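Shared between the two complexes below is chain A, which pairs with chain B and chain C, respectively.
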Partner chain A sequence: MGIKDMQNTFLETLKSYIWTITVFIAMLSFFILVLFALFPTVISTHDPIAQDANSILLAPSSTHLMGTDWAGRDIFSRVVHGSRISLYIGIISIMLASIIGCITGIFSGYMGGYTDLIVQRVVDTLLGIPSIVMALVIIVSFGSSATAIAIAISVAMTPQIVRLSRATTLSIKTDPYIDAVESIGATEGRIVFNHIMPNITPVMLSQITGYFGMAIVAETTLSFLGLGVAPPYSSWGRMIQEGSTQYMETAPWTTLFPGFAMSITVVCSAILGDSIGHLLNRKHRISKLL
Partner chain B sequence: MSKSLIQINNVKMHYKSSGLSLFRKSQQTVKALDGVTLSINEKETLGLVGESGSGKTTLGRCVLNLIKPTEGYVSFNGLILNELNSKQMRSIRKQIQIVFQDPYASLNPRMTCGDIIAEPIIIHGLIPNKTEREHKIKSLLETVGLNPNIINRYPNEFSGGQRQRIAIARALAINPKFIVLDEPISSLDVSIQAQIINLLKKLQRQFNLTYLFIAHDLSVVSNISNRVAVMYLGHIVEIADTADLYKNPKHPYTKALISAIPIPDPTLESQRKRLILKGEVPSPINPPSGCVFRTRCPIADEKCSTTNPTLKKISETQHVSCLKIS
Partner chain C sequence: MNSYIVKRIVLFIPTLILASLLIFVIMRSLPGDVVTVILSGSGEGVVSLEAKEALREELGLNKPLIKQYLTWAQSFLTGGFGGRSLENREPISSIIYRQAPVTLLLTFYSLVISICISTPLGVYSALRKGSITDIFTRLTSLIGLAFPNMWMALIIILLLLLLFGWSPPVIYSSPGSDIWLHVQIVILPALIIGWEQSSHMIRVVRSNMLDILGKEYIVTARSKGLTEISVIIRHAVPNVLIPTLTMTGLQAGSLITGVVVLETIFGLPGLGRGLIQAALVRDYPVIQTIVTVIIMISLFINLLVDILYKKADPRLYNLD
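This part shows the complex of A and B:
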């Protein structure tokens, strides 16, 4: 083994260690986030909607860990409570989008022919409409509840998931093992559920976990446009919007802390998505798709 | 001569080459199979040889009814496969099986080896009892020469030869009568090839199987087949008993193929005369008129470009499709 090889081995090992540590940190952060969302009242130090005229725009201190906003509300408590809304919107929207998207995508890809052609043109049309406009229409018609926002985000994400699951299905459909089970006499349902689904799951799972972060960012975008969850309950998006439009220079903590919370969530979901994909494929040593 | 099990009658498989579109009508067709007639007798092995793109695999898939031929039909035991509904076809599938070329792709990577072999048994509901089924799978693994304890392992843990044995075990699981072997050994090492061939021969004797053995290696085919059919551009150009075909090939294409087999003897090998064909295989989109082989044939003349040759019987066991041979 030459010095070059040793260097390479060392770098590989180092890389895999760093990756393991990164995934561990991501899992830990995600766990804390879930704790925030499950027990906000236990964790938060103040009432997130109680206004206090004596403590407006206070900098972070031991009483107010992340400072206070323009109405004197404790930002830490609001971030903790806001995690609930962000996670709710993230989870509901990716669940809706992935269930509808995967079913449509697998169906379209597996059936092929004119079914596929028609489904794909519909998806093209949906992708052609700017997602903000589509979300706007949905929120205006259903009101700005967290569920309506989640539905709006899922409608915008579904076409992409349809595309991905269709593409993955197509690549697996032509694998000889699908022919093999077909020649055995397997029904189409069996082929889809027992053979295609388990093989597209890792790809979809890692992508969908990534979409979770995108959904949270989308919620922020909508809040920024004034389409977010109605006040006084606060999502991270609304907090960022309120802070950044008026107090960014005088009281940056009003924007920075909810922004940090959101960034950490998005990065963690991307890392976890990647590692899920790696993990599921390492077990069967499949490098074809990831 | 025993009775015929599979009849392939004037099967044509034409693929439209342009993609699906709402507005465009497709123009070109690829003639993968162009009027193939064959019959496979019970308990025999019919070797099917030809170069890449000659339609061997397409024919194999037609026989399994994985694709429906554009014209003609395949019958199994007198039943015409294309006319069966999906339920009837499913019951026929119990008797016809296939082993694919690439054992790395023909096994679902996310199923254990036991589950893969159990699949056909479960689909046809043959052994509902789980312990009995496991027993059957273990005995199948032994039959194909694998350790029965590998039942919970995944395909990636096996070598190519072992995977092919698993694929064979899966094909055997429901006691088929007929197995299509689609180049089952061409992706394996030479030493493993011989093992698999011997295994296939043993299984044929043990279970009274009929094989359609698709390959492009003539020496392997001569070893296992009773009869051999030679394909060129979607046509059968010659079909004969193995011994006749190898000793006395009639069709110029067969002659060229046979002359390409190396002889495992340096003195004889150095004297071996090779017939080298000129040119490339023409595209199946636009095959030559008349005899498809005429563009590369050393003995072709004008008549060959106008008349379509048909398979002619030249002896009790040999049929050739050539206008120059009478």
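This part shows the complex of A and C:
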């Protein structure tokens, strides 16, 4: 083994260590976020909606970890409480989208023929509708409760998941073991539930973890635009909006901290999705199919 | 070739009809009475029965759904764009004529910027794998992925303000009246959307380029004695254009989403900001028309990509 090879081996090992540490940090941050959402009252230092005229727009300090906003509300506590809405909407929308999307995708991919053709035309049409426009139309029609927003985001995401699960199903359908199962006379239900579903799950899991971050971005963007969950609940998007319209210059912390909370969530979900993908060698095949 | 284009255009129409019908049905399936929601939203307090009846008549809500759609579609197609705004009675057609050029220009700029950034950078970072440029490119594209456009826009505005004391002009100016002012106000949103879009595209271009550089025909081209430049320009890059185009088509929706959000942040008087404002006051006819126009733009980009795709990939010539 020459010096060059040793160098390469060393670099490879270093890379994999860095990757492991990154994934670990991502998991840790995610865990903290879940803790935030589960026990907001225990973790937050102040009441997130209590206004305090004596502490308006204070810079971050030991009493107010992330400073205070225009009404004297503690930003740290608001970020902690805001994680609840973001996670709730993220989880509900991703669950709805993946259940409906996967079922439609598997059905369409497995059946083929005219069913597939029709489903694909509808999916193409839906993909042509920009996600924010779709979400906006649903929110305008059904109100801006947290559940309505979750449904709106899931409708905007479903076509992408249909596309992905269909492509994955198609790649599995041609595998020899499916032929084998067919030749021993397995029913279609058995093939789909016992053979296609388990093989699709890991691939879908990796992508859906990534989509989770996108759902949170969508929620933040919607509440930033004023279409999110109504006050007095704190949500990251509205905190960013409130901070950025007037206090960007004088009190940047009102905007920056909720923004970073969102960025960290997005990056973590992307890293976790990627790491699930790394564990699977199928990923490469799928990305080529799309 | 021409029959392919005709086929794509013919397919474009049912897609548009399906999309507009879908939006129409969602908008009309409001729980409860639409008229009450609209009138109570406008803050008039107690609503008289006559006012309700008049609005119902104007919106044509007392007719069957399919007839409502046909009436709306007819008005849309004949240039009326679906009546008047509920908020200030302005004809929707004039709203569209005023706002659409802004959105179209911003979309066009962003598209051009994202393609012009991602293709050369992706190709270059594949050629110089592991170099400083490669690492820098990948890092910037990672930042583009981690920071959603509205968040990125806010940070950039803040940084420019703190570092240079410069903030983009507030009043929009069309390229016809004052081109310099136009550039000043449009450059930031276009660059930010371009950055976001090219973050995805650079990765695709780079990995495809790496794939292609390992292909036999590149080895053949090199062994023929071609210069490195002509190997790359003549043999490698044209093949990279195809995945780039595919990505552009797939990302048309997210591009438009970016345009809608950034128009709102930068105060550009385009369809996106118009849509958000209409949504906040629940101005249903305006929302419906703007949404349809935005979907048209998005589908049109897809159509364009499909046609260019055919040009870029001669193998598709023989498919018809």
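Keep in mind that, in the parts below, the second predicted complex is superposed on the first by the 278 of 290 C-alpha atoms of A that agree within 3 Å, B and C clash if a C-alpha of one lies under 4 Å from a C-alpha of the other, contacts with A are read in each partner's own complex, and residues count from 1 in each chain.
The rule we apply is simple: a contact is a pair of C-beta atoms (placed from the backbone, for glycine too) under 8 Å apart; a residue touches a chain by one contact, two chains touch by 3 or more.
No experiment lies behind these values; they were computed from the predicted model shown.
Trainee: When the two structures are superposed on chain A, do chain B and chain C clash or fit side by side?
Mentor: fit
Trainee: After the superposition on A, what does A:Pro198 contact: first (chain B), second (chain C), both or neither?
Mentor: So A:Pro198 only meets chain B here.
Trainee: In the three-chain superposition, say which chain, chain B or chain C, touches more residues of chain A.
Mentor: With both complexes superposed on chain A, more residues of chain A are touched by C.
Trainee: First (chain B), second (chain C), both or neither: which does A:Val137 touch?
Mentor: After superposition on chain A, A:Val137 lies in contact with chain C alone.
Trainee: Contact-wise, after the overlay, does A:Ser244 reach chain B, chain C, both or neither (first, second, both, neither)?
Mentor: The second partner, chain C, only.
Trainee: State whether A:Leu117 touches chain B only (first), chain C only (second), both chains, or neither.
Mentor: After superposition on chain A, A:Leu117 lies in contact with chain B alone.
Trainee: Touch test for A:Leu127: chain B only (first), chain C only (second), both, or neither?
Mentor: Once the two structures are laid over each other on A, A:Leu127 reaches chain C alone.
Trainee: With the C-alpha centre of chain A at the apex, what angle separates the C-alpha centres of chain B and chain C, reported to the nearest 10°?
Mentor: Superposed on A, the angle at chain A reads 90 degrees.
Trainee: For A:Gly185, decide between first (touching chain B), second (touching chain C), both and neither.
Mentor: first
Trainee: After superposing the two complexes, find the smallest distance in angstrom between C-alpha atoms of chain B and C-alpha atoms of chain C.
Mentor: 9
Trainee: Give every residue of chain B touching chain A within the complex, in rising order.
Mentor: 20-22, 61, 64, 66, 89-91, 93-94, 96-98, 100-102, 105-111, 119-120, 123-124, 154, 156, 167, 170, 174
Trainee: Under the stated contact criterion, what part of chain A meets chain B in this complex?
Mentor: Going through chain A, the ones touching chain B are 113-114, 117, 175-177, 179-187, 190, 195, 198-199, 283-286.
Trainee: Along chain A, where are the residues that touch chain C in the complex?
Mentor: Residue positions touching the partner: 121-122, 124-133, 136-142, 217, 220-221, 224-227, 240, 244, 248-249, 252, 255, 259, 262-263, 266-267, 270.
Trainee: Can you name the residues of chain C that touch chain A in the complex?
Mentor: The touching residues are 15, 18-19, 22-23, 26-27, 29-31, 145-148, 150-151, 154-155, 157-158, 161-162, 250, 252-257, 260-261, 264, 275-276, 279-280, 282, 284, 287, 291, 294-295, 298-299, 302.
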